[in-house]
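What follows is a pair of complexes built around chain A, which joins chain B in one and chain C in the other.
For the complex of A and B:
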């Protein structure tokens, strides 16, 4: 069952030089008991998408159009007060750069307690007990509840952040770059934790790290320049990529088990979102470029069942 | 005449008091019953007990005067005080009257206080013979208000200083407390008076640790008392100013936009107000009390704090934990109180301590200019008084200035120390 349905979401940042189309007409669904990965290079709109789901787009950004249905209700139409109730209870987020996501002058436990008590009418002592259990469940010594953020290591903070995101048993957890800025050993621990968490709630995992996505996610959306260019199961995306960008992305990524080959970078630079390329946004960098690509908007083509790609020549190339 | 306990006084022989002065009685009338006067050497002045018991059925007045000798061999003093205390036990219909005089070596008598005198504040005593119980407090005679017993001495010369007139010559002076009792008709009536603490205090122009001011008030006492106002105004106005600045700074910095713009323009407006002219206008409009001065200093001081706090909050706002708090459903008020306030409070505390010296100096300046609360004596008032009297003594003008400087720099050093501990950029390892 779909917990989250996003239809035609557009987020623009209004600047003096014009509007930056950070997220431009994207649609996807996230299902119960499933992990959805959103991948793409820096600046393609992954984090903006995550923030839009929480309705936390910072100024001067704004959601121009689109529906975000959480359990059937459109959160874009909710009042700020209603939205406050939804946050953390129905949808929660573990932030990118969680190392900074705790208030430096409040204890870890205190902040988890605050998150719990904002939504549930429980005593401080009870909430604190729960905070300790939550920390334990993510493999952080519950004694750390009384500690301040600077007393914890990066990995511990990241795990504490995930436990805080889980504090009110949300239906959907958005994890924005949960493993970025962590060393590989801690990354592995956090990934293990994410897998465990994933068995309990629906999750949207945002990462530029394809290996993390392939490890955890059932379905994957690849974003490029504010658009979802390919959407399908992990199997489809990683073994039968249909969009030239996905292919480029995959070949720019080393494989441990596969044959040794030269890593190929995608030529050119990510586009300027103030004046994105016409029609297919990938066309200036695409090795399969044809005339049509710069004049006609590419359609979403269903390459195989439930495997879509935004390319005129999907399935052909 | 029958005398009771203690060392009895007789008309002929004076008794020596604790400080070597002599006590005696005069003009005792005893025709209505028995009168006894006893002296005991308690306290620094001794106590005199006067007991009367009526034995006849006639009515009339009986009286006795208690006299104390005082040696005075100095130039005429600017002022003197006569403190005393009378307690009274009597039958309800007994009336009384007391009068205090000073007799100079030339036997001129000056009445300086009378219980029917309109200047006295003795309870129920205003009507002369009164029949109510009375415990007189300690009285201080203001020499300017004394009216002499012999009116002719003062005729046409009422503004002259009584103290200088009375103590014009050297020699033995006498302080006389006259008491008159008028019992009712019943033959069993009686009364008892106790007079204690009768002294003549003559302050010179330089008494106490730092001498006295133009009105004979002890300067050291004023100095000590002034500390209270410096601390009171300093700490209170700093707290108010910082609280105001903190509130405005956090709200303006976090909410931003039009509100920020609006609040900062108000802050700019207050910042450019010329302090002294503003104060002079205010002191004309409002009656300046210590409370209004405190508020004025706070109100003129908050914009600086607000600007500092605002800039820090703008920095904090972009930190991920604010997003995290918002994402977890925290309202704006909660973020301001739980996340912003604790993060800026170290800086606020430093600013609070650094605010105090400015407030103290401002208070001193205001009162020095005579724009302050006229009912309190603080360091600025003292400096003003010394200034008005042409800096007559360095120990009058310097101590308040030195204390102002010391107290201010004390707070300043604490503030700098806090700043270098709490401000990461200044922290030395």
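For the complex of A and C:
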């Protein structure tokens, strides 16, 4: 069953230079018991998408249009008070990097307790016990509950953040780049943790690291310049990529399939979202470019059941 | 670094700074062309009396003796028994003169500072947390204006409107000549006289506090942990009080410590406009009369209050910030 349905979501940042179309008409669903991966280059709108799911887009950004249905209810139509009840209880987020996501002048335990007590009527002592258990469950010594964020290492903070995100047993957990900015060994530990978390709760995992996504996610959305350009099962995306951008991305990550491949980066740079390229946003960098690509908006083509690609020539190339 | 070591180091710096100021004050008056002697001689009638004064102030002793004497006695606050700190003008110990005026200044500036801080901090916090709102723009532009208008102008306008035209408050002075002598009666009379000068200072001062507090809040509201707090489903009130303000305590401590240490120096212009017999007017008169011993003590006390205020802020920082505290 779909926990989350996003339809036609657009988020623009109204800057002095014009609107930055950070998320431009994207649709996807996340299902119960599944992990959905969102991958794409830096600046393609992954974090913006995640924040929109909690209606936390910072100024000068705004949701221009779109529906975000969480358990069937459109959060864009909720009052601020209703929205507060949804946050962390129904959907929570482990923030990117998580380096400054904890308040520096409050203890880790205190901040987890705050999350619990905002949504549940439990005593401080009980909530604190739970905070300690949560820390233990992510492999952080519960003694750290009494410590301040700066006393924890980056990896410990990232785990603590994940444990805080699970504090209210949300229906959906969004993890934004949980392994970025960690060294390889800690990365592997957090990855293992994410796998365990994934078995308990529906998850959206955001990463620009395809190997992380391929290890954990059941389904994958590939984003490019504010659009979802390909959407399908991990199997579809990694074995039968249909969009030229996905192919380019995969060949830039040799470790995904295990076999040694010629490492070729995609030529050119990601576009400026103030003035994105016309029609297909990938056309200036696309090796299969045809004239149509710069004049006609590409359709979402279902190349095989439930496997979509935003390309005129999906399935042909 | 442990807390004790941190405090020990700050104490050492503070002591060194105070010694430097005490020495600077000595040389400042020695180096003025003519030196103390020239100004002292203006107040005496006969050559014999001048000789007596020279001996009294120790001006016949070698420089280094005078220097050591002044610095030592200033640093140890030994103002009373020491003839160095006798006013050229009134021939009374400077401390006595200060003690007579300090309560007036403390009453005026203490009240004004507390009110100014409360208004500035509350409005600044609110404006900063709602950046770009109507409230923010209104308070921002208001405080930019009030902050740049000179105090004598504010004072004169207030006197004209509320004192002269509406006749609600006295035009100046600390208390009426025929004010009641009992404590409560007298205090009420002083309070009535203080309304306009306090208002003048509040109007002039609150803008600075507001602007500082506003920019502190604006910085904090863009921090990641504020986003986390909102994501947890906290109300905006809880976000501001539990997360933003707790991180604003450090800058707030500085604002408060520096404002409070400023109340000892008096407010020269406001006190003059309202003929408020405080430290500010006294400082002005001492400068006009070249009353060196008085200026020496006043300069030192004002610097002392500021330095101690800074020191207190530093120690509070260490006690409040878990990143410094060990």
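Assume the second predicted complex is superposed on the first by the 311 of 317 C-alpha atoms of A that agree within 3 Å, B and C clash if a C-alpha of one lies under 4 Å from a C-alpha of the other, contacts with A are read in each partner's own complex, and residues count from 1 in each chain.
The rule is simple: a contact is a pair of C-beta atoms (placed from the backbone, for glycine too) under 8 Å apart; a residue touches a chain by one contact, two chains touch by 3 or more.
Remember, predicted model here, so these are calculated numbers, not experimental data.
In the three-chain model built by superposing on chain A, chain B clashes with chain C. Judged by the touch definition given at the top, the superposed model places A:48 against neither chain B nor chain C.
Shared-chain residue A:88: touches chain B and chain C both.
Judged by the touch definition given at the top, the superposed model places A:179 against neither chain B nor chain C.
Of the two partner chains placed by the overlay, neither chain B nor chain C lies in contact with A:144. Clashing C-alpha atoms with chain B after superposition occur in a single stretch of chain C, namely 261-269 (options considered: 27-35, 45-53, 63-71 or 261-269).
Shared interface residues of chain A (contacting chain B in one complex, chain C in the other): 54, 56, 84-89, 92-93, 95, 100-106, 111, 114-115, 118-119.
Within the complex formed with chain C, the residues of chain A that make contact are 51, 54, 56, 58-59, 84-89, 92-93, 95, 99-106, 111, 114-115, 118-119, 148, 150. Those residues of chain B that touch chain A in the complex are listed here as 319-321, 323-331, 334, 338-339, 342-343. Touching chain A in their complex are the following residues of chain C: 132, 222-225, 227-235, 238, 242-243, 246-247, 249, 320-323. Listing the residues of chain A that touch chain B in their complex gives 54, 56, 84-89, 92-93, 95-98, 100-106, 111, 114-115, 118-119, 161, 164, 167.
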